[in-house]
Amino acid sequence: MDFQSAWTNFWANFGFWSLSALTIIDLIAATTNAFNGALLARRPDHYKHYTVVGILIMAILGGIGGGVARDVLLADVPSALTNPWYLILCFLAACLALVIAFNSGQKFREGLFQFMTAFSLPWYAVVGAQKGLDQLNLVLPALLLGVVGPTFGRYFIDLTSGVTPKLFVRGEWFVGTAILTSVVYVFCALGGLSLNAGMAVAFVVGFTFRMLALFLKWEEPEPWEPADVAAGEAERKPLGEAIREEFK
Amino acid sequence: MDFQSAWTNFWANFGFWSLSALTIIDLIAATTNAFNGALLARRPDHYKHYTVVGILIMAILGGIGGGVARDVLLADVPSALTNPWYLILCFLAACLALVIAFNSGQKFREGLFQFMTAFSLPWYAVVGAQKGLDQLNLVLPALLLGVVGPTFGRYFIDLTSGVTPKLFVRGEWFVGTAILTSVVYVFCALGGLSLNAGMAVAFVVGFTFRMLALFLKWEEPEPWEPADVAAGEAERKPLGEAIREEFK
Amino acid sequence: MDFQSAWTNFWANFGFWSLSALTIIDLIAATTNAFNGALLARRPDHYKHYTVVGILIMAILGGIGGGVARDVLLADVPSALTNPWYLILCFLAACLALVIAFNSGQKFREGLFQFMTAFSLPWYAVVGAQKGLDQLNLVLPALLLGVVGPTFGRYFIDLTSGVTPKLFVRGEWFVGTAILTSVVYVFCALGGLSLNAGMAVAFVVGFTFRMLALFLKWEEPEPWEPADVAAGEAERKPLGEAIREEFK
């Protein structure tokens, strides 16, 4: 390969005009998440004196992380590696986020930008569920992929920043939206709707639900709190003793 | 695919009667780990105000995590995605764990339930070592997979909860049991024992060892403690200075 | 397979004399990183009362982690599982690091040993970029793999130890060196240089840059600090309110 052929190869396979609808949706979702990731990395609770390069990498991790996890689970080479647009768009989104002043960036992130993430979340879910149904022919694993796609980018960012991942705590039905969208899509697909119709229905349901959750501050239920949550864990006992106590 | 064919497909391929012994062992190990994971997520040192959905996902992560990591390393689609029983059983186990009241749950978890996890740990190790030998034809990588299978579900749970992973600290020979079981299994397999005989021998050795470690509180050795563990890290020096100091 | 054939198989395929140059470079990089990992796990800021077994596993994680992540992204079975030398050498390096007394070990790690890690970092980058170009035929994904290879072992160690990953914070151009080396290699490869020549050029550039950064304490730039980094995050508002504030 030389420069000439690398260039030709790039445009022949990856000009925008040759991208499928599913790929474009996946790209939008990745780009939005990368932008979100770069702003997130600068939010006080996530910020850990990251460098400029660090924030760019964090944005890429957040942008393609969910799709990469989904494709690795399918034992595919991730789309983010076979199509250069993912890295290009994630990189540009991260640069844009870095340029926007921080405070206005955070306001933007929690204001109008929520429409964009609420927009990309169900698309990511639909792509995951669709790939799962297509390659695995099984309902539950398809739902799992519909959840992994939109949420694992954020999972990686939260782990890296030492923050409890949003996936597991209250986040205005962040995971719930992914599950709901995937379930609706799978129902539509099994019910015989065409790809496009099923995607449209699932998207509308997921987007509406997420918007309502954001505007009305709907939150996931938490189970009752463990009694001794502040007390920390008691010292481990030998198993014999633990069993005797269990029967007391 | 429609509802009818999804249902037929499910039962034709995944009725319990059609599962191999290895798959059933893998399923038991995953289910036990999922139950364990849900109780663990509610233990004070792990609990981070998880939602109900968060605990269900944590249980699934703990249940299928080890097997997924093992299969991803083999570049296979994880069994948890090609066989729907994994997700079904992990989900049911997690629901059960949520229903059990917390305090009795923790007593159960540290009492009789230890038999179940001690039971599943060596099975998970045997399945990993067996898959490794079978697909890689190499001893050391097979041992690695025999360790990844039973321990990585817990690794993911601990990372997610911000707790130092049990894999690396004292845990009554948690990893040690996985290593021992894998070594015994590989020895049996290379020594010419049949699959079933080798699995039985390795299981008995691993289970007995784990039980002894739990009843007698055997712990892994820790190396001597770094002198300045409390002092934190000294400021980084330019390399030239560091080398001069090294030679002093 | 029995002991005899396992032994024959081992030497037939994996005697040192049969290893390619690329594999030998990859092995050196993995071994150096494993040694580094074991010393790192005992450094006060990383040390979390790890057991001896825990430190060995940490070393293996650090040694093969980057290569495994790279190969998983390519949907290959990782080289560390198809060639037993990776695990053997990482294990030996970890044992050696454990034997070296801690204090002299840390001095060694921050002194002369920096030459070894500065030596392995660009090799790992070159192998990643080369594999990427070869299998993906795309420039940007090749650069990504050139970064993942040398840095993800450290990423896993830092995550496990609960330390902000070096990838994202100041580290005398740790990631920068990986990026630079990969870019130079890809340029050479596209420019028509032979494999060996391209690797040599990229290595010399990367190694020199890393050495200069270490001796002269060059650091990555940090973007301006978020104003309210100490204040923590404000409470989430309903979306309607957030948008109104955005427009104020």
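Chains here go by letter, A, B and C, matching the order in which they are written, and residues are numbered from 1 within each.
Simple rule for what comes next: contacts are C-beta pairs under 8 Å (C-beta built on N, C-alpha and C of every residue); 3 or more make two chains touch, one makes a residue touch a chain.
Computed from a prediction, not measured in an experiment: that's the story for all the values here.
Asker: Tell me whether subunit B and subunit C, two copies of the same sequence, contact each other through the same residue numbers or different ones, using over half shared as the line for same.
Answerer: different
Asker: How far, in degrees, do you have to turn subunit A to put its CA atoms on top of subunit B, rounded to the nearest 5?
Answerer: Best-fit rotation on C-alpha atoms: 120 degrees.
Asker: So what's the Cα centroid distance for subunit B and subunit C, whole Å?
Answerer: Computed value for the inter-centroid distance: 25 Å.
Asker: Residues touching two or more other chains, restricted to subunit B: which are they?
Answerer: Residues 72, 75, 159, 162.
Asker: Touching residues of subunit B toward subunit C in the complex: what are they?
Answerer: 72-75, 132-133, 135-141, 144-145, 147, 159, 162, 164-165, 167-170, 175-176, 179, 189-192, 220-233, 236-240, 242-243, 245-247
Asker: Which residues of subunit A touch subunit C in their complex?
Answerer: Against subunit C, the touching part of subunit A is residues 1-3, 6, 9-10, 41-45, 47-55, 57-58, 60, 68, 72, 75-78, 80-82, 84, 87-88, 98, 102-103, 107-108, 110-112, 114, 159-162, 172, 211, 214-217.
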